[in-house]
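Consider the two complexes below, in which chain A is the common component and chain B and chain C are the respective partners.
Take a look at the complex of A and B:
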């Protein structure tokens, strides 16, 4: 497959790809000059809201959409002009698209048959795929006799059976209920490890992306906002969009007072407090910046007389089971969301209207680009 | 309602039962118009035909109310000119039936070969323009069938525009004899019944999930393989409906065979028509021919339904 082991080419290389849907008056740019590489044997997720271009990109990798500009490479080979049936890439479709008139076995064997594999191989390979998804006893059923979760697994087996180099998954879990979805996450991750096939997974569900992926590309408006591991993206979001889309974020205004090599010092607009934040981006003194902090990193305590304290009033309390979410309106009118774990020694419960002090650990603050 | 009453136990069962029976009674009342239509338009006419086929012909037209198997005898057996010879099989009418079946089958096949791609084309146009294409398909049907068939006759006759054009272009030296041939009948049937093939297939393809075609292509299927293995099996109900809707009226058609086929190419429709036309008609014989045709079609449909059931059961 790839003889040059010292410089293995990425599984998929997306080279300045642009997609424009032509229209007489309003051409739509679905993807705007994006480039990145997906490594061999990686569980890679394209995450973003609907309309961000993630599905378009997946369909372009699968060969279902043409490329307006740029190139898509598979292990260093340009596949941009190949038809879907010429690409060693298979897809798990959003609504499964199982062939209704075929049995489970025939569905899974379909790709192998079209590839002209010999009968004996088709039989053993199909059976081992059904074994892998624990559906062997359903081989003779028709798709409409299966539950949603079972159909989902058959769709997965059907796409894996021809042993593709890359597997594309187009929001495959969105039609399942919560419990099943959580179980399938584990299973997908497991199957990816077992088969060693590169998975490209499309979802708008950030939790799904965070729990399964080796790396995530966060997309919006046809552009890639950030690529990184789950921790990178949650803990070090590069901009407002990523901070808000992945989890919840409090964004505070601040002004730079000093910029060093590895950190910047800024004055928070809310209370004039001075904070020092690690950041390798150099800023000009006096520049207005946004700093972000996750709700669970914020501590809420008794009202403080200290000059730098952020004081406010509890505006709303939502009980979420494992934790409680508090909305605090600061004295300057800014609103902050905090989360507290409902541990056994949580102390006296807070009530709406209570005056509180908000403590922000400096090391949990992040500088955001606009 | 029933669910709310149920937990109270025994009396609930009673209440439950009464309620159901009221609903049932009303349901029958609501079904009355449907039963009336089926009775008036289907059962009574067919029974009338069945009765007539067992009566004796009145030579002044109409029937004499007297039981007789003569009409059926006339169809199947030849007893000589004066009816006194030992019976031998009468091939004339069986021949007409055979020819009609072949013609109807060919019309069905041609309608499918042209109708399927047409329907596929229309169903894959953008939503907005589909209505326009369907309208185009149905435009000729705003004109009476008789007039359309006669115009077809003018088009294909020896000194019609097609032959004239071919002659003047020097492509042929003699006019092609198209009128009064099996070809002319085919053309007429095809032209008459094409929309009956296009419309049901279109309805099926429109409901077809094109993600299945993408899935097939994704799994290394060529376009033709996708068409034969996925698309056609998925839209089969529409294809079968179209085939039945073309085959059955083609079998009984009389306008196209009469006007385009000439006397040599007699078909069942013309045979039946003849028996009921004018004073010389033989009503019992016409009714008997119709009943025989009806029986054959029923047998074909029954076999089809059984095959269909067996296939559906196979999956369970």
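Take a look at the complex of A and C:
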């Protein structure tokens, strides 16, 4: 993307970072020996449920939490012991926290003034930031005269104005309503491209993460579960947690019957059908494994004689607008979820209690680690 | 739908009780104000409207004494309010923004305890304290006593204000390259200011009208306005006392009004 500006070292390098909140009887491990690198000019997202440690990690990068063990590097330099005001990293906090006694202009100019930039530069830089967020005409307003979305944009401009090397965003969209949130996603992505600043975005909203990020780190229980692009994470989840947290997943039990270099042949517990799945992890013959398939990859039809199909009964139907979600109980008692698009030529509608055949395309199956 | 404030008017007797309370509270004050304009030395018989007692306050035989007492009262109230507000601000910062420390709950209790101790007990204790360390009683002893008992009054609005300021504002300032000192000066202090001002005004009023403690710790010949008024009343109530009372009432009313508008200004800023 921006190869001529590439740096020898990553923007942020997290090196075996551990965070333990001390307590007399119940010390809490918020982060457990985490290591990964965030590239220069990347839109990187930390995604996970609340309490997974994503915000703690963000606050550690910003300098608001101490590090129990390990190191955080910014372009190769250890910044672990620097105060927040000594790090060329700015944060957009979840609460916008605009300074109420300052105007919009003074809010945005705050960081530049503290850095001791000259008046002329402060003025042009602040004005260009207000231009960037399309708030130039609001420069003299006080924060309480702005709407939530406008306050959010000013908070963003305020953090961007000092031209930080890395911008941290702590669930900045969670307080906005749906329409505004969707619009802001586009805008954030756009601003990241325009400014070329590395963004580290924290969210628990998988849709937000999938639509905006160059790469995503899925976190849970103080550990990174998987790092990859949106497609990697949705299409090739490495374990149960990632499969279930990002989108919906059907997990089927199977037994390995043959393990090759690039593929595994397994027998589904549900109907004894044989499936071959691409996988570079080798398995022992006879080992029990879990295989995952996304609901929209499953095909549901009226009962058929085809051997590869599983048979079941429709237990529930939910209409979701663009899709219909079907809950099917398979003959062996396992329950799976399937989604069908509501197209005009969908054929005869299915009803609750209908006997159906469930076709699982082999190429859509994934092997999950536990 | 009917909201709670509408519904309460429906309780039988609510209006009557409310009116009775208002009358008991304000009727004596209104009578004092009216009779301060009475053209007669009587405090009960109305003889016509006049400013004669206000003239008496400023030019009469007791004028000098009241003037000196007012000056003393103002010096003490201003100094006590400034000092106690500074101490209260520092302790609010330590209690609310500082690290947790052992005995924090007890410290909170100690700061606010003077509000619950009967004033006469504080007065006697302070007198004994000054006597035992051989401290000369005069304007300084009054000032010290006032500073001490004004602290909890100044503390309450300041602490309430500080508690309402999320600490994310300070984090944002630190994040935007402000040192801890700049963060306090540029962000936290201006945001606390409405609370600090109402704390100051409350301390000022409390100091200005304190009688019991002042009366115990003042030296002979040193008077504040309340002790001077009490001294004058002992020789019989003359309408000039009503004139002074009315003046004090107006001054207090103005201050409270200012405090109200300041705190409202602060709320709007949020």
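We adopt the following convention: the second predicted complex is superposed on the first by the 360 of 370 C-alpha atoms of A that agree within 3 Å, B and C clash if a C-alpha of one lies under 4 Å from a C-alpha of the other, contacts with A are read in each partner's own complex, and residues count from 1 in each chain.
Please note the rule applied: contacts are C-beta pairs under 8 Å (C-beta built on N, C-alpha and C of every residue); 3 or more make two chains touch, one makes a residue touch a chain.
Since the model is a prediction, treat every value here as computed from it, not as a measurement.
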Inset, instruction - Based on the superposed arrangement around chain A, label chain B with chain C as either clash or fit. - result: clash
Legend entry - chain B versus chain C as contact partner of A:36, first or second or both or neither: neither
Legend entry - Partner chain in contact with A:99 - chain B first, chain C second, else both or neither: both
Legend entry - First (chain B), second (chain C), both or neither touched by A:83: both
Legend entry - From 5-13, 77-85, 167-175 or 257-265, the chain B stretch with C-alpha clashes against chain C: 257-265
Legend entry - Set of chain A residues, in rising order, touched by both chain B and chain C: 62-64, 83-85, 89-91, 93, 95, 97, 99-101, 110-111, 114-115, 142, 158-159, 162
Inset, instruction - Enumerate the contact residues on chain A facing chain B in the complex. - result: 62-64, 83-85, 89-91, 93, 95, 97-101, 103, 110-111, 114-115, 142, 145, 158-159, 162
Legend entry - Contacting residues of chain C [partner chain A, same complex]: 166, 168-169, 171-179, 182, 187, 190-191, 268-270
Legend entry - List of chain A residues in touch with chain C within their complex: 62-64, 83-85, 89-91, 93, 95, 97, 99-101, 110-111, 114-115, 142, 144, 158-159, 162
Inset, instruction - Quick one: which bits of chain B touch chain A in the complex? Just the residue numbers, please. - result: 209, 211-212, 214-222, 225, 230, 233-234, 315-316
